[in-house]
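Which chain is which? They are A, B, C and D, in the order written, and residues in each are numbered from 1.
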Amino acid sequence: MPELTFLDAISRGLWEEMEADPTVFLMGEDIGAYGGAFKVTKGFLEKFGPGRVIETTLSEEGFVGAAIGAAYTGLRPVVEFQFIDFIACAFDMIVNVAGTSRYRWGKGVPVTFRGPWGAGGRAGPFHSRSIEMWFAHSPGLKVVAPATPSDAKGLLKACIRDNDPCIFLEHKHLYRRIKEEVADGSPAIPLGRARVVRPGEDLTIVTYGMMLHRTMEAVAALEGRSIEVLDLRTIYPLDRAAVVESVKKTGKVMTVTEDTRTGSIAGEIAAVLCEEAFEHLDGPVVRVTSPDVPIPFAPTLEDAVLPSVKDIAGAADRLLRY
Amino acid sequence: MYYFLRLTRALDERAHVLQQQNKVVGGLFSNQGQEAISIGSAFALEKRDYVAPMIRNIGTVLVRGHSARDIMTQYLAKATSPTRGRDNSQHFGDVERTGVVAYISMLGTMVPVMAGMALGARLKGEDRVALTYIGDGATSTGDFYEGLCLASVQKLALVVIIENNQYAYSTPTSKQSLLENLSDKAKAFGIPGITGDGNDVLEVYRLAKRCIEDARAGGGPQILELKTFRMRGHAPHDNQAYVPKGLIEAWRKKDPIGRFEAVLGFGEAEKAEVGARVAAVVEDAVKFAEESPLPDGKEALQGVFEDDSIVPFTPWWRRDA
Amino acid sequence: MPELTFLDAISRGLWEEMEADPTVFLMGEDIGAYGGAFKVTKGFLEKFGPGRVIETTLSEEGFVGAAIGAAYTGLRPVVEFQFIDFIACAFDMIVNVAGTSRYRWGKGVPVTFRGPWGAGGRAGPFHSRSIEMWFAHSPGLKVVAPATPSDAKGLLKACIRDNDPCIFLEHKHLYRRIKEEVADGSPAIPLGRARVVRPGEDLTIVTYGMMLHRTMEAVAALEGRSIEVLDLRTIYPLDRAAVVESVKKTGKVMTVTEDTRTGSIAGEIAAVLCEEAFEHLDGPVVRVTSPDVPIPFAPTLEDAVLPSVKDIAGAADRLLRY
Amino acid sequence: MYYFLRLTRALDERAHVLQQQNKVVGGLFSNQGQEAISIGSAFALEKRDYVAPMIRNIGTVLVRGHSARDIMTQYLAKATSPTRGRDNSQHFGDVERTGVVAYISMLGTMVPVMAGMALGARLKGEDRVALTYIGDGATSTGDFYEGLCLASVQKLALVVIIENNQYAYSTPTSKQSLLENLSDKAKAFGIPGITGDGNDVLEVYRLAKRCIEDARAGGGPQILELKTFRMRGHAPHDNQAYVPKGLIEAWRKKDPIGRFEAVLGFGEAEKAEVGARVAAVVEDAVKFAEESPLPDGKEALQGVFEDDSIVPFTPWWRRDA
């Protein structure tokens, strides 16, 4: 089995889907000869030709709209944002046209929106944002955020095959930092299911994306404690059942996200637990998140904003002792 | 064409009566005086082409094969309507059967979407043109521009008809643009743009046909501006006080139906014959719509996703204790 | 004291601010001679002239950007969206330019974004949306949602005087339905403070906007029960202290919002209560919200989606008996 | 002007060295070959005017009164930088002192914002022009279009300089637009649009001056396209493999500094004299930046709102038990 970086896994997933299904095609800025800003689509133009690797004008709302139109004709566009932050420029098209389409007139929109996402890279306020809740909060959209190469590949395939619009978030800090063996032709991984990364008895930590890795470091630092770690993998639909099942065992839940606190998925999880597992809660549902600030540029500032391994370990320790 | 002009007008008149009776749900946006644009252009399309109408393009969807019942049930938000009561008035379509794409309220959005339909058709090796309409006001949106930027360099078979009815709600076109002819916006993309008389159904047909066939032949996107006038307010509550005196009357003389009757040389007999046919269709549509039930509330939770189980969810207080 | 509708109160608030402060001016579609789609600015053009009542092109992103630029020159623009749903078309400008401006380079953006908001009017998916969390979740923006004429007037004044960008939501279903005596020249009401609409001992209901009125109806139907009702008034910043204080007394909290469930402020409140008042919770924090669907058009469908008086009363009753 | 051309070039060269040494935080976007546009146009502005530079308009902010230290501390994200380490590289400004407005990454956004500054100035009865730059690529954004739609009907004193450096990242201008001259986009708004040589600092100055004064005189918005070439990759990791062979060499011959030296008739002595002055300023800036501390992490929670108490919040696990 080839050992793939997070980035390679995404690239392979895309490649295999394009090979398997001629209705899949790509749109985005600089994705052709250049292979995209992060080189996810390197070699795709040569292999699949300009008919299926479409370099667009610098018009996010325009090419997202065009992807929706192409989807209406029966194709499966995969749209790259050069950085996911630029999805804000296509916001209207995604939430209003794509998100509501099936509900309004029965016409599904099988488009995958993907792009480099997340903080930690000293990229400043406009290349670091957590955008997941804008869309998880907008009916009709699925939001997917893998944390490992195999999940990235399998979930990307599921997004592309899905008949509804999916937003696929690729943590750019993971692109070249993590590796895993992933089989060629590996299957799609169903959306909407969390993964128990590590079982435990005393505390559940729910997280996703880059924060999964920080969480695992924190858990390692707390050796000897029985901590269950859940990787959400899909933000919408949220795997409520997995969270509830875990808390029934551990009684305590903590969420870790690099997203800003107010309105993050952490609040949603607290609410779900209150509604569905209140009697099982042996302690507060604790949130470890970024504060409500833009992601600043300087390393010292960015580090002060993002949850650190120490923050996570500290919160877990405190909650375990509650 | 004459039949459709009359049918469109009659549906509009009737809808306004229903609106007075408080039977119409939500807004009602008249197309009186503008019918020639919808109908002339829809006749110029091939069956296989795609079209996204605006809220005032009732004529287009009728020509494309939607029924008067579709229109009326939408106005009344009935379970029998094309969207089963989910979306407003003119927001419906059927890609497979009629090639009609459902509009949404955010003006401008359909320009990129229709560019994408032309792109999709080309990728699939199909010879289809995509057409959409846009108001004079909505030509000020970034969507109009971004859709055409993409379509121009991709040489997509897209036709954008600017339906210049002189107003965007209360805002005259002079407050949207310094241009005399909005078709000059084509110059920003290096594509053809022409202007014509939107109240002459034959001219509309001829110009639309030319644009559509140029687009089909690989000429890339085309802009066709058609000048007309919105004879009623933006919606029934709008009394058009902002329209200069005399203007409405002047345009009434250019009514597209009267002009076409003159061309056809129709006398009272011919008019009455079509009038009777139209009246019967409208009557049937109204009756059908009025007798149709409202949708069942339970349906409200269905259809957001293909997998219908994602959304429904029993709230805490409805669960067994 | 004049008795004002919700709409008149907003109109008066705007008028008084424009009279008092020459740097306040208006931008929006059809707000001049026509007076705006809902006539909030009727008579303003005649009084304040075209220099301060600027009718814009149909370009939301464009005129929002222009408002930000004008704010940079020291003015206080008030921007009307014809329906608040069209704010999606100016999303990038608001979250990226306005929201981050002070943090990035110290330049505050004293712009007020206002418009008719909310469901219940048979206006379909594009004229009914709850948009508050898109912005409450985006750092740097305040979100205000009054429920009464006097609050509307006072909070609008506070927004206009605030040196940061505020989104002021006017529930269109309340525009002409409710009346209250409001004094001429009434003062601004501070942002970020919830209001105890009715004190109680056994249950706290937290709500805002039109749902406050449905909640009061439900409470009336549950006569004899001691229910405290809190009107949030400001969604961001959230008055955490008020919610926490109330639960310390009642031990039970329920939130009511017409917003769609996932990612609504209801989850945020559950999380805050877990973190700040867990030991005071005598029951689950219960959410009464719309399901995660677009707001449908037909009356029967819309009614099935929005929380009804019966839903609210039923949930409250159940929680009281918990 | 010559001094600023040299200073801009020297800062860019030096920043690339620092980048090689891994001292630059975040991206680095070279303006080599394009300096004449920033400098010629900045000289054409009055002190009271407003300007929003793009990331490649280092020259503009220098002319406006920002220091080399400002540039270098921004690159190194230091506490002493204009944004105190909060935002990247060229994203800073100072409305009151220099009239410079901080850019953001979302391309196109500054066109509406600068339209608003021109509007604000007019409402306040001030005689100020607002100028901004936009790349060839970013002329495909809806923001560019919507900003100019509004500015044109409002006749705002806005000048938009299209800095056509032939590429948007790897995308050649031919994939953004069918137009030969992007200044033709002006025709969509009914406003003046001209094209000039962006590598000739005197021509830039002359054309910019004309546009600025026309805008100031009430002529409404002006588009000025200046043709140039991006001599380095989009950012250091980009080796420009997509640029056809010979093109870079051809443009190197048109280097704006060399051309201006020829016009000035500068010999080695004059060049060396300015070179020495520039070197000293760059050295000072680098030293200052390198010796400056990174910002204190505690500052990260401050300054989102005027009222600094809104955001800070003690998380549960940090509270006293």
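Heads up, the rule we're going with is that a contact is a pair of C-beta atoms (placed from the backbone, for glycine too) under 8 Å apart; a residue touches a chain by one contact, two chains touch by 3 or more.
Quick caveat, the model's predicted, so the values are computed rather than measured.
Peer 1: Would you kindly say which chain has the C-alpha centre located farthest from the C-alpha centre of subunit A?
Peer 2: B
Peer 1: Per the centroid of Cα atoms for each chain, what is the distance between subunit B and subunit C, given in Å?
Peer 2: 34
Peer 1: For subunit B and subunit D, let me know how many angstrom lie between their CA-based centres, rounded off.
Peer 2: 44
Peer 1: How far is the middle of subunit C from the middle of subunit D, if each middle is the mean of its Cα atoms, in Å?
Peer 2: Going by mean C-alpha positions, subunit C sits 38 Å from subunit D.
Peer 1: Can you pull out the residues of subunit A that are in contact with at least two other chains?
Peer 2: Expected reply: 57, 59-62, 85, 88-89, 92, 96, 100, 103-104, 125-126, 139-140, 275, 284, 286-287, 292-294, 296.
Peer 1: Could you tell me which residues belong to subunit D and also touch two or more other chains?
Peer 2: In subunit D, 83, 86-87, 91, 104-106, 140-143, 145-146, 149-150, 153, 175-177, 304, 311, 315-316 touch at least two other chains.
Peer 1: How are the chains arranged in terms of who touches whom: line, ring, star, complete or other?
Peer 2: Looks like everything touches everything, fully connected.
Peer 1: Give the list of subunit A residues in touch with subunit B in this complex.
Peer 2: Within the complex, subunit A touches subunit B at residues 25, 51-52, 54, 56-57, 59-75, 77, 92-93, 96-97, 100-108, 139-140, 142, 162-164, 192, 237, 275-276.
Peer 1: Quick one: in the complex, what on subunit B touches subunit C?
Peer 2: By the definition above, subunit B touches subunit C via 25-27, 77-79, 83-88, 91, 104-107, 137-138, 140-143, 168-171, 175-177, 241-242, 294-301, 304, 311-313, 315-318, 321.
Peer 1: If you look only at subunit B, which of its residues touch subunit A in the complex?
Peer 2: Residue positions touching the partner: 50, 82-83, 86-87, 91-93, 95, 101-102, 104, 106, 109, 111-121, 123-124, 126, 130, 142-143, 145-147, 149-151, 153-154, 303-306, 310-311, 315-316.
Peer 1: For the complex, which residues does subunit C have touching subunit A?
Peer 2: Checking each residue of subunit C against subunit A gives 85, 88-89, 91-92, 95-96, 99-100, 103-104, 125-126, 133-134, 136-140, 236, 238, 260, 262-271, 274-275, 278, 283-287, 292-294, 296.
Peer 1: Residue numbers of subunit C touching subunit B in their complex, please.
Peer 2: Touch residues, subunit C against subunit B: 29-30, 32-34, 37, 55, 57-59, 61-62, 82-83, 85-86, 88-89, 122-127, 261, 284, 286-288, 291-294, 296-305, 311, 314-315, 317-319.
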